[in-house]
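Look for chain A in each of the two complexes below; its partner is chain B in the first and chain C in the second.
Our next item is the complex of A and B:
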């Protein structure tokens, strides 16, 4: 961070703007194409959710049958939006925190295109009927090797940057970035190898797949979002992190607990019995890192409540941190044994995934995008109204999808457990919740189409040329500008350390 | 905390769990010991040999690529984990005419021959562990089980007993063919334009074959039958089936 640097403020600002400039193309590519994928994922989500309550909707075409649209929706959400938003975040954070300009932007950009191309072919493959039928790994088998290789190319430079960083303090975010960079290929490669590569017990393949879905959320999206949240909250408020011990507790408890989680999705299956129940216990314990990190971050943000309201970045990030706490609560609620038997095969599994990926990770990622994009494009966001629309529609949408699906899932589970009643009773219970989910996805699509357009305009460098950031409050902007962004907050469009544009 | 300690910590915390829940169970489960019947408990000797018939592998691929697992499970959980065993026709049949109560929980041999056990994600539709048995004994009672499933795939809501089914229609698995000579034997009794009939595609045939093969209620050795306490006594005389 800037305090650790012995350079003059001018040289410091110059270095930051050089880092931003060196990463402009890859990071903007990850964010914009991620946002476009998000819009695609939401559109597919509306179609698939509508089919749950209106099975006749768009049913004449094999490409749009529920069993293909639903996996395509989740794969687009996870690999198209989630992973790409995460890559942009990780690459930018590591460069800034290690104070290194990126010397391989072209290579990262190329790898990003390879990733994007593989995901596109993969999602088309799912819709065309080439799905492997393995949840979250449905993309045809050709896709995962290029995806893994492009991840390695994207992440290796961040590792190098960390290695050659100037000696000094390592910020908390860097722990999480490194962890995400190490865990992702490990989880991704071992799950794909075990399921697609080696032949083994079909049941263990299913169990490893359940572990993979959980590990992707808790060992990749979670650390990435936490890294971004630690950075953004302390940076924008200009305050030090509330407690170092809580940071340590939050990090190491996640590292120790999360790899055991996941197999509770197979509770009752003929696999060694400790696997699902250990998974359930570990998932319940995820509440510990969630609370440690959530409290630490909220305590840090609470010192500057006005900034949280006015800064688009902080508003999204703090909402995401609240999403993390809700996710932690849902981990406990859905996996305690009396509820696990009811939540195991219901809408609540989906609701939980949406909560973790959208309600927590994506909100922090939006915060990151609102912070980073003005710095790398050297333009300010065009409209605070668009940002507000994005924020409120997203909050309403995700609260509805996640809570309705989780609660509706448990209702559905109650129906399933009532074995003396006819099956139709249980099947009918999903109906109202599915209707609510469809409506909420429409809200989310609406909000994200505006977000994508806003971002695309920024990408075309049509943002405002100004040194005053776009804020959401009605206060006097010049004052807020100084109080909000601290010594480093100026995006250097006109400041002393400003490098020539282009 | 030095970088070396940090990297070691990350590798150790993740690696230990990874070995314990992923790698070691994967290789241990690769070959499962066969289980034998014993004269005392089962009334017969020999190794338990689960049999499946039909084009299971191809059918499972159609099942997978059309995402049936998004709404259907294939898992009968033990009573401590769920209530499927209580339903009269999910885990087997409560009153099979020849064999009595055939209900039992899923076992490790039930998924043999498949690449990936389709445990499933959600139960918007019923569990399919014994759908083959159910169609033959109940839905298409006395009739053509294969035709019943074909009709169900073609239009699930056409069946007057299932107006509320939310299963998508799989009309795309069927082909409209012009009739040039005899009407094909497998033509569905549904409306089609003059001079044509609707016949199942190879995919539909494989899928139906696979679904009819799902009869996971054969008698298992008592040593691996954890059903309710009353069960063994009832199941015993019914055990030896051709």
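Our next item is the complex of A and C:
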């Protein structure tokens, strides 16, 4: 950063705004289409969750049977929302941190559309009955090659930007961005090649698939969200990251541990015995990077508690970091020997996925969106109330889904362990938890309706024209005058002669 | 960013103009704070202790894993559940005698599937059908001798197929009884009676007392010496049995 500080603040701000401007089309596309996919995923999630406890619900239509809706729900959540939000985050972060405007925005946008189109066809393929039946890889086989290629086109420019960055310090976020950019094609390509490409043993295909599901979370969504969290917390509070040693510990422990995790999903399956138990041990150890990163970030944010409360970005990001710590705790809880037996074939795996993808990754991604969108649209968010509703309903929703599915899954596991009893008993044990999961998904959908509405208005450039950010604080305009962001600076940027916009 | 008409002039010289452009066009970018250098706090003791918890838990899991790094043991030893004996609190719901024996027999029938097929119909050319066979549905001792010793020469239909190898090796009386009950009540056969474990044990005994034990039986031997039912108390097919122990279930 030594170079940057030698520039005048104005030149610095101009460079920042030019970087934002150069990336506005691809990043806005990733965020808006990701949000649209999130809506689709939530709707499908409600339907599939309702079918767990009310099998007759919407059963007249073959497109909406559980076996199709459930995979479509997860694929829309992962590849539609998760990956696209991650791409927007990665591309924008790398440009900002490498201080380079993007010269290939058109290509990235095109590749983003290819990705989006492949996911659309894939999800329609699943609903039409063309599912491959391999969890998280259900999209018909035609989809993964264009997806991988478009990822390469999206990510290559960020790598180039990193290569030609100004000499000097590399910020922690850049480690993670680069890691996510490199690990995604490794994980995605090897899993799809091994499962769809070569015809190996179907048992090992199941094992590879279990590894893939874990690796996608821990080697792509996790580093992406951690990169965003390091950036946002440091940026918005203006404070130095608490401890460089913890940053190093967090990064390298994740890099070393995460690739081993995953096959614990197959404990008891006839694959070599060490694979599931090594996977279980590695998944438990994921708690170490979670603790290192979580403590580091929370300690950093704790120095500016008021900013955390006021800033929509920080509120979501810090909630996401807490989500990371909870995910780490769930890693330990679900994989210790007494629980491991009971977490097979139950709701708990699903609860863990939702916790990691929504409770951790998505919260940080929302924080990122609340930070980036005003910069690339040059408009401020319209309403702090919409943001607050989005925040609180999301927190309630995800806490309910994750807790209920994880504990309900363990109860279901207990029921299944009592093998002398009819299996119906195990299903009955899971019943109340399944009802609660449906209700929580409805909460999440409701919460995100506010988010979609808000983001759509921003996308239409109907945001507030103001030099003052939308803060969550006490909600009174008077208080904004003496906020930490300086005096109220509403200005007319609609051109000379127009009325002051507000 | 550099004005081409003034190549030597740094663009931020006109501070006022630049400032206005920034404030007008990029308010959000201009009010941003810079990223600070990293802090240098050391890793505190309680973080170390916190990290030790997952380490211990991971060790616990590995310690419970049985033989690691063995490709031979695909399943942890003891992972497959032991079938509880009669005295334990676990008891499967009782079934009627035919169903209880048949459920066991269906598993043993796995030995026979290769030739007689999953539907018991054979293939008509090399392997005879078990469905509707006189020897299957008829006297039980004759049927038992075929299973235990194999068969050469013509079958009950008069047609000669290949030689059926003996299946008695390693088979207990229970196994034989369950298998026979299953075959006699499946594939369209519906004799409806049960070959009990006593009858199965008796069949093993009789088989070992044959003139030339171990050689395949022939139709002549079957019809001359073995055309009778196995000795033993017949069991009412409606008796409710414990499906694991095959003993009458305790009255509830």
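Heads up, the rule we're going with is that the second predicted complex is superposed on the first by the 469 of 502 C-alpha atoms of A that agree within 3 Å, B and C clash if a C-alpha of one lies under 4 Å from a C-alpha of the other, contacts with A are read in each partner's own complex, and residues count from 1 in each chain.
By definition in this document, a contact is a pair of C-beta atoms (placed from the backbone, for glycine too) under 8 Å apart; a residue touches a chain by one contact, two chains touch by 3 or more.
Model, not experiment: these values are computed from the prediction.
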item: Partner chain in contact with A:288 - chain B first, chain C second, else both or neither; value: second
item: Contacts of A:205 with chain B and chain C, given as first, second, both or neither; value: first
item: First (chain B), second (chain C), both or neither touched by A:272; value: both
item: Chain B versus chain C as contact partner of A:374, first or second or both or neither; value: second
item: Which superposed partner A:438 touches (first chain B, second chain C, both, neither); value: neither
item: First (chain B), second (chain C), both or neither touched by A:310; value: neither
item: Touching partner for A:161 - first (chain B), second (chain C), both, neither; value: neither
item: Chain B versus chain C as contact partner of A:84, first or second or both or neither; value: neither
item: Chain B versus chain C as contact partner of A:349, first or second or both or neither; value: first
item: Doubly contacted residues of chain A, that is, touched by chain B and again by chain C; value: 268, 270-272, 278, 340, 419-420
item: Footprint of chain B on chain A - complex, ascending; value: 51-53, 55-56, 59-62, 65-68, 70-71, 129-135, 138, 170, 175, 178-179, 182-183, 186, 190, 194-195, 198-209, 211, 219, 252, 255-256, 259-260, 263, 265-272, 275, 278-279, 340-341, 344-347, 349-350, 412, 416-420, 423-424, 426-428, 430-431
item: In the complex with chain C, residue positions of chain A that touch it; value: 1, 4-5, 7-18, 20, 169, 171-172, 231, 234-247, 249, 268, 270-274, 277-278, 280-282, 284-288, 291-292, 295, 299-300, 328, 331-332, 335-337, 340, 374-375, 378, 380, 419-420, 422, 466-469, 485-486, 489, 491, 493
item: Complex contacts: residues of chain C adjacent to chain A; value: 1, 11-12, 15, 18-19, 21-43, 47, 50-51, 53-55, 57-62, 64-71, 73-76, 79, 81, 84, 90-93
item: Chain A partner contacts - residues on chain B that touch it in the complex; value: 3, 6, 9-11, 13-14, 16-18, 20-23, 25-30, 32, 60-61, 63-71, 73, 75, 77-78, 80-87, 105-108, 110-112, 114-126, 156-157, 164-173
